[in-house]
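By written order: A, B, C and D. Residues from 1 in each chain.
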């Protein structure tokens, strides 16, 4: 599904990622873990087009997507969420999700300004679809609230719902459980499974080991910019190097 | 959606009955200009209030529209409507082409680039004396006509210009409540999230810059045919700042706020009759105080203030009772 | 065709106006680097310098050095007051808001000066006479020497301050990372205030040393401010040598443009260059580009 | 939005209603449009001051035929848009019988369609030749046409035997109008323009243009602008050691220019209205009386020098006053009376209006003056002009 080949990225003189290769299987939940500074977020940023890699290539279903801008990737069915959540705070919850339908609609400025018939139909469709995704994520009753007023945990879910509205083939989540309490984390786990059941490939960076071990089918471990290990949760838990890396950090 | 339409219809009705109460005086003339500035402020608001992109060179597009119309009709005898179309088209093309490099810039660089563009265009108005008449202006611009009907009085021009202004408002309102409008607001609030969701941020910025330019150019054409004379000073840097003030005072992102801002600033000499020589200071103060204390503009600021005041009064009353 | 004497004269004229643009540009850069604000009122400090000196010379009848000192002090005070009243209350405002506030401030300062001292243009006597000096086949005035010397001095003092004094270093730290600076105990607010004070002082000094050549009136600040801004942008908003070169480049190109191409389009040339630089090298001529995309 | 309009409206209606009640002994309303602020305030401010001064004097003397004159002044800020609004207001709301001003050619051209349509006489204080050429029914002007000043300069150059000149004009409406006339009339006076340079109104250094001029074949420099540009030009000329005669326009005919240019002003020659050399005129000069009283009154009231530009407003207001005194009361009658004005000895010159000439002046409105010992000195006559060429 998504493949990375020998990805290297340097900032100034510092090598944040060094020759990392990987392959995320379609329909699976893959976790990326590693101590702080391992290069997880950098890797995410490279895959999702925020940075270009210094060296290496990224392929989405065999297509070279290296260095493509995020908006192009979105059209190819790739979407992500952010560690510090990036909502549109002055728009309603529903409107936030409606923006997620951007790639699935096409009325231009002229059609929108003159309210051409096709546009009206499309708007209706956008609204309905957005609402159904909100309900899917369990936020249906908050549709008309301003997004900026949501509690942090709800905001997190909203960001995921917004990403889902794109009907992506693969979704990247950057530390989705950060800042959530244990009840919210459980709900999140449920939601992620539900998403996976739709056949959407999921990749997530996460520090919450319990969550990762619980929901992920495959795990990649990064340390100091290099790939340390790859395997099922069980394999990773038994990997001595991984344990060493974490202990060394702690 | 329905509410928006109702609001618009109500506003349109108010606009169309106003002349009945004004009866041909100076105020009607001022209201004609309020219409022109409304178009300009709405145009800037689409760019600044929704997409969050500043432009300190709006007067250039306004002026280009006016000069295209003026030169083509006064010097080349072209039909005014055709000239208006050509003007709008030319400005559209210019803003579209220039938009690509300009809107790659952000913040202060963007402000400076648009400002520089405005100054360059202004210098061209002044220097191409053979075409534009230079600093002493271009006269002999005809009124607009439809068949044998000539828009030659304030009343006729009022309906003509407000017709255009209402159309501009309607289109802007439609736009802001659409897929495009949401994407614009998204750009403003989190550009990176908008991009990740597939919004082609750069292209959209360029498109809205173009729309803003075309709208301004049409306002310029209308100005030229109403006043029948144009000179560069009407399209200088200070006009761009005036437009900025209108949008800020009315409220960033509020279309009707822009109408209010345009009306207030055009009527300002009226409202501040005693301030004659002081109006430059009043401008400066308004800009500072509004951005500091009413960042949402009057349209949002006044209700907020009213609510706060009401709360205080209520709170105060409760205190007395206790 | 232009002779070499003519070219020399164009360059000399350009360098002297360019030095002023550089001074104003550095004022922009200092504030920008410590606060991220583009202070559109910077040109008004330049105007204040000239107008206040005229005031202290003619109304208060001070001798020139005292008048200059007083003018710089008052202009600096205005800068400080402006920061206190209009900038500090807005924490974490958007760049657009700050741009608008400083535009408002510039209009306000200009308006007040117009009301207090009228719309007349005023001349300031040259610091040391008006007898032209010959440089090859070209001429300059003693005042030009003053401009060069004072510009160099100010820039040197600036460098000394930013690199060798505690508060200067603290200000630089703020420009790199305000939050981190706050964590190590730097009073960021005070540094912002400092930056306004310093750039107001520099701007007013620029206004004073050119006033004998260019005269001064309530509205001289607008164009000078914009040109100084060009200088800073070309110099990549550096508060050092980059902006100095930026200023000199704008000055010389303008002068050459007026002499060799067309005097009417002189300003258009300056802004055209600015646009080209913004399009091709938005980070300025003297700064390495960043590769990040978002 | 609607509310505000209605409020303004109701206030306005009330005012109108009150106004119509007090019809009796109503003052004569004269409107004035001056660019009191903005880039052309150097014109508008002295003009407004002068007009106010003249009206006060009229009223102190008991008004015209027992009716006071009320002057309503609006600031156009040198912006055509504001000029149009202000003119509409004067005509439609204030119902003035005549308008004096605007100050600039641009403002005047913007306002002309309105006064022509509404039929209100207007006496512009701007110099642009196209204001009255061709003559428009309702539009007059008191500022001397730029071409008259240019003719004076070219005649003067002829007496000096100079045939090649360099132009350095400011790129605003004053400078571009002068430039147009200088270029247009050059051929008929056999003058060759060797260099044609411009500078911006806010420019601070003109050495580049002057260096270019120095490299040209020009034998004299004609600089057309208003303060402070020409003062900088004068200083730059001195800095560059250029010895060519420097001729400027009436745009600098005030003491202020000498103050700004300092030593560099010595020997500069300009065509000027008579006002700056009023005291040097022979007693027989028909204009002397008006000139002296203008200068004295202005000095007494505003503690400043009454200049050339204020003079335009003096003439405009006085012309309106004379028309009123001759019994005109309606706009149409005032217009008719204005057109009949003969031999009015004003500040700007001796006015003779006719149906085809609404500018009314000849080139005698200008005299050539030069700067000596920090003051303006009359260059005696065309024939004697030679001895005044201080910088030959």
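One rule holds for everything that comes next: a residue touches a chain if its C-beta (ideal position, glycine included) is under 8 Å from a C-beta of that chain, and two chains touch if they have at least 3 such contacts.
Bear in mind the structure is a predicted one, so any value in this text is a computation, not a measurement.
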> Computing the C-alpha centre of each chain, which chain sits at the greatest distance from chain A?
Replying inline: D
> Using CA atom means as chain centres, which chain is nearest the centre of all the protein shown?
Replying inline: B
>> For chain C versus chain D, what separation do you get between their C-alpha means, in angstrom?
In response: 36
>> Please tell me the distance, in whole Å, between the geometric centres of chain A and chain D computed from their C-alpha atoms.
In response: 72
> How big is the gap, in whole Å, between where the Cα atoms of chain B centre and where those of chain C centre?
Replying inline: 32
>> Two or more other chains touching the same residue: where does that happen in chain A?
In response: 50, 69-70
> Where does chain D touch two or more other chains at once, residue-wise?
Replying inline: 37, 171, 198
>> Can you list every residue of chain B that touches 2 or more other chains, as numbers and ranges?
In response: 126-127, 192, 195, 277, 280
> What residues on chain B touch chain A, complex-wise?
Replying inline: 171-172, 174-175, 178-183, 185-186, 189-190, 192-201, 207-208, 211
>> Could you list, by residue number, the parts of chain B that touch chain D in their complex?
In response: 11, 14, 18, 21-22, 24-27, 29-31, 33, 126-127, 129, 134-137, 139, 152, 154, 223, 227-231, 233-234, 256, 259-260, 263-264, 267, 269-271, 276-277, 280
> Tell me, which parts of chain B touch chain C in their complex?
Replying inline: 48, 52, 54, 101-102, 104-109, 111-113, 115-117, 119-120, 123-124, 126-127, 191-192, 195, 237, 241, 244, 248, 277-278, 280-281, 283-288, 291-292, 295
> If you look only at chain C, which of its residues touch chain D in the complex?
Replying inline: 2-3, 6, 9-10, 13-14, 16-17, 114, 119-123, 125, 130, 132, 138-141, 210, 213-215, 217, 219-220, 222-224, 254-256, 258-259, 263-264, 266-267
>> Show me the residue ranges of chain C that touch chain B in the complex, using the header's touch definition.
In response: 32, 38, 86, 89-90, 94-97, 99-101, 103-112, 114-115, 222, 226, 229-230, 233, 262, 264-265, 267-268, 271-272, 274-275, 278-279, 282, 294
